[in-house]
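Per-chain residue numbering starts at 1, and chain names A, B, C and D are given in the order in which the chains are listed.
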Amino acid sequence: MNAANYLYLSALLFTIGAVGVVVRRNAIVVFMCIELMLNAANLSFVTFSRINGDLNGQVIAFFTMVVAACEVVVGLAIIVTIYRSRRSASIDDASLLKR
Amino acid sequence: MITSTTLVYLIALPLAGSAILLLAGRRSDKWGHLLATALSASSFFVGLYQLSLMLGRSNSERPITQKLFEWISVGSFKIDASLMLDQLSICFVLLITGVGTLIHIYSISYMSHDPDRRRFFAFLNLFIAAMLLLVLGDSYLNLYVGWEGVGLASYLLIGFWNQKPAYATASKKAFVMNRIGDMGLSFAIMIAFATMGTVSFSGVKEAVDHTSTAALTGIGLMLLVAATGKSAQFPLQAWLGDAMAGPTPVSALIHAATMVTAGVYLITRSNFIFDAAPTAQLLVVIIGAITLMFGALIGTAKDDIKKALAASTMSQIGYMILGAGLGPVGYAFAIMHLLTHGFFKAGMFLGAGSVMHGMNDEVNMRKYGALRKFMPITFATFGLGYLAILGVPPFAGFYSKDMIIETAFNSGGAKGIILGCVTLLGAGITAFYMTRVMILTFTGKSRWDDEAHPHESPWLMWLPMAILAIGSVTSGYLLSHGDALVNWLSPLFEHHGEHEELLSPMVVSGLALAMVAIGVAIAFVKYSRNEVASVAPTDVSIFTTIARQDLLQDRFNEAVFMQPGQALTAVLVKTDEAVIDGAVRGVGRVALGSGSALRGVQTGFVRSYAALILLGAVALVAAIWVVTQ
Amino acid sequence: MNWLTLLMALPLLGSVVVAGLPKGNEKLVKQVALASTLIVMGATIAMAVSFQRDNVELQFVEKYSWIPSFGINYALGVDGLALVLILMSTILAPVVVLAGWNESHGGRWSVKVFYILILVLETMMIGVFAATDVFLFYVIFEAMLIPVYFLIGGYGTGERSAAAVKFLIYSLFGGLLMLASIIALYVMSGAQGGHTFDLAALSQLQMSSMTQNLLFLGFFIAFAIKAPLWPLHTWLPDAADSATPGTSVLLLGVLDKVGTFGMIRYCLTLFPEASKTFTPMILVLALISIIYGAILAIGQRDLKRLIAFTSISHFGFITLGIFAMTSQGYSGAALYMFNHGFSTAALFLVGGWMISRRGSSTISDFGGLQRITPVMAWMFFLAGMSSLALPGMSSFVSEFLVLVGTFTRYPVHAIIATFGIVLAALYILIPVQKALHGPTTPGNENLSDLNLREKIAIAPVIAIIVVLGFYPAPLLNVINPAATHVIAQLGFSDPVPTSGGK
Amino acid sequence: MIDLAIQVGQTAKPEATLFWILAPLSVAAALGMLLVKKAVHSAILMAFVMISLAIFYIAQGAPFLGIVQVVVYTGAVMMLFLFILMLVGVDSSDSLVETIKGLRPIAITAAVGFGGLMISLLGRATLGRGAVGVEAANADGNVQGIANLLFSTYVWPFEVVSALLITAALGSMVLAHHHRIQTKPTQRELSIQRFRSGSLANAAGLPAPGVFARHNAVDVPALLPDGTAAAASVNASLKARGDVLNSSSFELGNVDTSVEEEK
């Protein structure tokens, strides 16, 4: 089977994730979409690893996972904090960074 | 040339007086006027001493110089602060210090009630110093210093009572119009330096021979511009009438006897240039002739005694300029008329001052009348001056003015005839307006208000008038006896062949006297036999109206220079604000505007930022797509 | 002895002392500041005495490596022109401190800060004229803006912040262009014998005429903004309007001279060919500045703005003299720089006193001051006479030299410029008439005349103006050798008398 | 089992079958994430996608990553998500109506453009190029291979990432820590506050839930003396969840109050 198919899949997932980040308002869903994008990237890495025949891509994907985990931890903490003060998980409500 | 070490005292004494009086301030109120008068007089005596030395030397050794210090020296532009006294300068030195001292004495009394008398004397001394520098400078640039110095003194003295806005304006007008003339002098100096490499009188005189006529004409014309400014000649004449705002002694000294004749001095001093530049010389004559008539016509309509005299001054200086423009033969006569005019016009101005002094500073002659009885001495001295200006023999004007008329007739061809007629006609008109002044002021019925208590002036005032009156009577004879002045000055001027005589002196004198008689007669008929209205009649001919408005000179200047200038200024001020600064501010506004336009993108919504990032990613991928194609 | 470093260090030391003084004692602060400036003035005069007049090389040269990796040196040295300008700056500094004794009150910051800024500025004023390393010059050139920015923005009046920002941005814009040119020079020097910022070495660079023209413009625009030359002048009236009189004196009297000084020191030296190429254009700009500045001055209603515009006219004369390329023009321009410092100082200081007493800077608010405050009125009048270049005042000598020098090479330009002297009479006499003459108008009756401190402050300025008017030789003797040297280096010699073509 | 999966994955045909079954499903699940209203459903769909990806990893010779993916993502990360969802409110469902004008068309256009361009680029880059395969690299075992790299070439990033992980843990603790601005009110203060409030209705404290004698569960509202239900007696979160029993059946009116007489 052609390994490139995984790349196409990765591109599709990444795009869907990106759209999700833009169109969804619930912070948690947005986060999940970000995770989706990261995973799509990971899939690419693994595929590249296979195409090139060495394990570097897999190591990078591994790192990505760690970083993604960190990011989720901190990000969710932020969401909790915001939720505590605003009683809302909608990211549109936190729009003070303007003008 | 013989060097001297005493020349500088001529200038230093009055300059020191001025400095002491100005720096000491109110502390010198008590004795300031005396110090100033004494210093002016001592300067006069230094002048007399120099004259006696000069008389003791042979003709060629008479000019003396004194180098004070090196003033400006850059490259080949070397100007020393040095003085030169020759036969021409000494005439002026004695006139300035002599008449000046008399007027100092006069002013002690005339200004005695003024709280700022000390300042007045400081300015008078400053003027004497500057005027002496003007006539003693040995280069055009040194002359220029004195030239602007007298302008400054004149400005300060015209505006002496500058708390009156009109007087302040008059002084400013005088300064600015003089500056236009000064600009001419600057041009002359620049041309001289660029073409001859020197600006000293002796250097320029030597360089004339190998300088092109075009350059000389340029220098000559520019010198003429300078002369018209300082001597109130057409077309820069308009300031002189307004300059009468100054105290009367100032009018007598500066605006009659000395400063306004500086233009004549300049032209006479530059005789070597004008002799080599006939075009310029011709223009000098034309300017002189125009001003002569111009002043005379204005004089006929003025009711203000000082302005009438001022118009007369303008006209008389026109005679001098005309004389100076007639070339080598005319210079000496111009100077002679200048000297005699210095006596009689100063005397008449002082007389006018005396009249004003007795009449609560009223200047309108229609409010005078019959003052002969109340001011006999003033009447007598003024009368002698009057006879002198008319040119009645044997008074001073007879000798000097007739010489100019005669020279004008004899200058040859149509030019001679035209000039002769103009000068003759001028003499007639002079007779008319001076007689008018005499009649309105001293004879007829009294027309003054009840408040006026005419009285004769104190001796401190009439004494200078009397001395000047003696001068007006005798100076003409003394100066022309045996061609004294002509011979005295002759080493300075190059003589060419004499013109043929068109008319003999006797005929000219006869014609002139006839014209004077006609003028006097008309004036008598018009003013002595009829009642004079104490308010100027308004139903007068258009000519009188125009003459009363100084032949529309101010209107012309206003319409042609002042108003366009003001409009230009206003436009430029607005343009600077709107266009130039506007462009600068526009740059700022563009930055600001683009910033606030882009600010709209910063909605604060994280998702819109994300959308932008996505768009950026699309752009990036698109770029890669295009590049890798 | 490292005279120049000493001169630069002294005011800096003074500012450190001022900074260490107790906060409450304002009088002590002022006295220390005055003493520092006086010491600097004394030191400068001592240095000037040992200056060799006929030596056209740079004197009091110092050179230390500063940033070796870029070949940047701390290099100082003066020729006649720089010496004269340093002398002017250090004489003006104590005058400004003394004259503006109270102008630091009512500022945004304390009195101490004001004098620290002044003293720091003085260090830079000396440095900018003494620097012979282009990079050092640039650093000081830009660093000078900072104290001035705070002096205007912190202690000025009216829209001081806006004026300060306008001044800063204008100057920075010019400085940026100059920086680009300096970097280009540095890069080119690398290809021709080693990277350097040394002025003398850079002036030997070979470059194409196109390059030279562009680099010249970079320098020239910076200096034309500083000078300021039409049409880059609009910051000056605003800055002068908002700054305190003392700051204005330093701004117009000294800082703006950096522009004309730079034209001579950098534009002419580094780019002789381009200078010749642009001379016709620059002369026209200078003429426009002369006439335009004068007309705008006539049209001003505000005293400070009026003085600012007269300066624009005067800077036109200076630029004209520089680019006339004759020894008279050059010496006249150099002398003009010195004289303008003092005549503008006199105008601004006396004008500032008038304004602070009256509480308004609108000319028509004054009236009849001559009767009320005779000494102040006379000082203003004398300052005005100096500004209109009356013979006997020092500015006459310089103005006439510029005109004569210009006339020998560019007669038409000189003639047009001469019309400026008539306009000068108008722009001085109109405010004199409105403010000093006429009846005393309401609001002016109780103005007080100059006090002793103010008299002491203004006296040396007037004295210098008058003495140099009659005896300019001390300065001319210093300037002349430098003038002939520069003119000769550019390959010019004074035109010989033409005899009018005969 | 893993060996089996690898074998299945690496034989050409079965892998293709696996891919063509799982890939459309995972895309559909991802799209579903965007379209469903409830966050919980999104999370479940997300978990599905992640597990599919784990299978793909294993199929591509990365069994270690596949396992880690399941453990870390579906195990830890998704749990975190669900925890937070519980905190925030499991039942809350989003409105899918766009509030920022023009954002959705832009997003979709951009996404289509991005996806299209990416796929076009990928097609251009990979067409006609076969994969090398990681069999050689995995000769000593996948975990050993990765470990070799991780502790040699990537040891420095590895350390950095570990530091990051600790920092993140600390950071989240700091963020989540509730900083009390005021001191906790004492019982005394609370009781004073109750009396100071507008009415004395709650002065005695909130009624406890439950109906005595008949029912004492927390999800049943207490009965007031008049027999009606006291809404305030039930915990708000129970109400929000809708997990409140109707107390009407226990109300006084419905209780048979007839007393049987004792004989």
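Basically, a residue touches a chain if its C-beta (ideal position, glycine included) is under 8 Å from a C-beta of that chain, and two chains touch if they have at least 3 such contacts.
Bear in mind the structure is a predicted one, so any value in this text is a computation, not a measurement.
Peer 1: Remove subunit B from consideration and name each group of chains that's still held together by touch.
Peer 2: A, D | C
Peer 1: Look at the interfaces B-C and B-D and say which one is made up of more C-beta pairs in contact.
Peer 2: B-C
Peer 1: If you average the Cα atoms of subunit B and of subunit C to get two centres, how far apart are those centres in Å?
Peer 2: Inter-chain centre distance comes to 37 Å.
Peer 1: Can you work out the whole-Å distance between the CA centroids of subunit C and subunit D?
Peer 2: 73
Peer 1: CA centre of subunit B versus CA centre of subunit D: separation in Å?
Peer 2: That gives a centre separation of 104 Å.
Peer 1: Using mean C-alpha positions as chain centres, tell me how far subunit A is from subunit D in Å, no decimals.
Peer 2: Comparing mean C-alpha positions, subunit D is 15 Å from subunit A.
Peer 1: Two or more other chains in contact with one residue: find those residues in subunit B.
Peer 2: 603, 605, 607, 611, 614, 617
Peer 1: Which positions in subunit D are in touch with at least two other chains?
Peer 2: Residue numbers touching two or more other chains: 100, 103, 106-107, 110-111, 114, 118.
Peer 1: Which subunit C residues sit where two or more other chains touch them?
Peer 2: Residues: none.
Peer 1: Among the chains present, which pairs are found to touch?
Peer 2: Listed in label order, the chain pairs in contact are A-B, A-D, B-C, B-D.
Peer 1: Which residues of subunit D touch subunit A once you look at their complex with the stated criterion?
Peer 2: My answer: residues 12, 15-16, 19, 23, 26-27, 30-31, 33-34, 39, 42-43, 46, 49-50, 53, 56-57, 60-62, 64-65, 68-69, 72-73, 76-77, 80-81, 84-85, 87-89, 92, 94, 98-100, 103-104, 106-108, 110-111, 114-115, 118-119, 122-123, 126-127, 129, 131-134, 136-138, 142, 145-146, 149-150, 153-154, 157-158, 161, 164-165, 167-169, 171-173, 175-176, 178.
Peer 1: Which residues of subunit B touch subunit C in their complex?
Peer 2: 22, 25, 69-77, 81, 141, 144-145, 147-149, 152, 159, 162-165, 168-169, 172, 175-176, 179-180, 182-183, 186-187, 189-191, 193-198, 207, 210-216, 218, 568-570, 572-573, 576, 580-581, 584, 588
Peer 1: Touching subunit D in the complex: which residues of subunit A?
Peer 2: Where subunit A meets subunit D, its residues are 1-9, 11-20, 22-26, 28-29, 31-33, 35-36, 39, 42-43, 46-47, 49-56, 58-59, 61-63, 65-74, 76-81, 83-84, 89-90, 92.
Peer 1: What residues on subunit B touch subunit A, complex-wise?
Peer 2: Per the stated touch rule, the residues are 599, 602-607, 610-611, 614, 617.
Peer 1: Could you list, by residue number, the parts of subunit D that touch subunit B in their complex?
Peer 2: 100, 103, 106-107, 110-111, 113-114, 117-118, 120-121, 124-125
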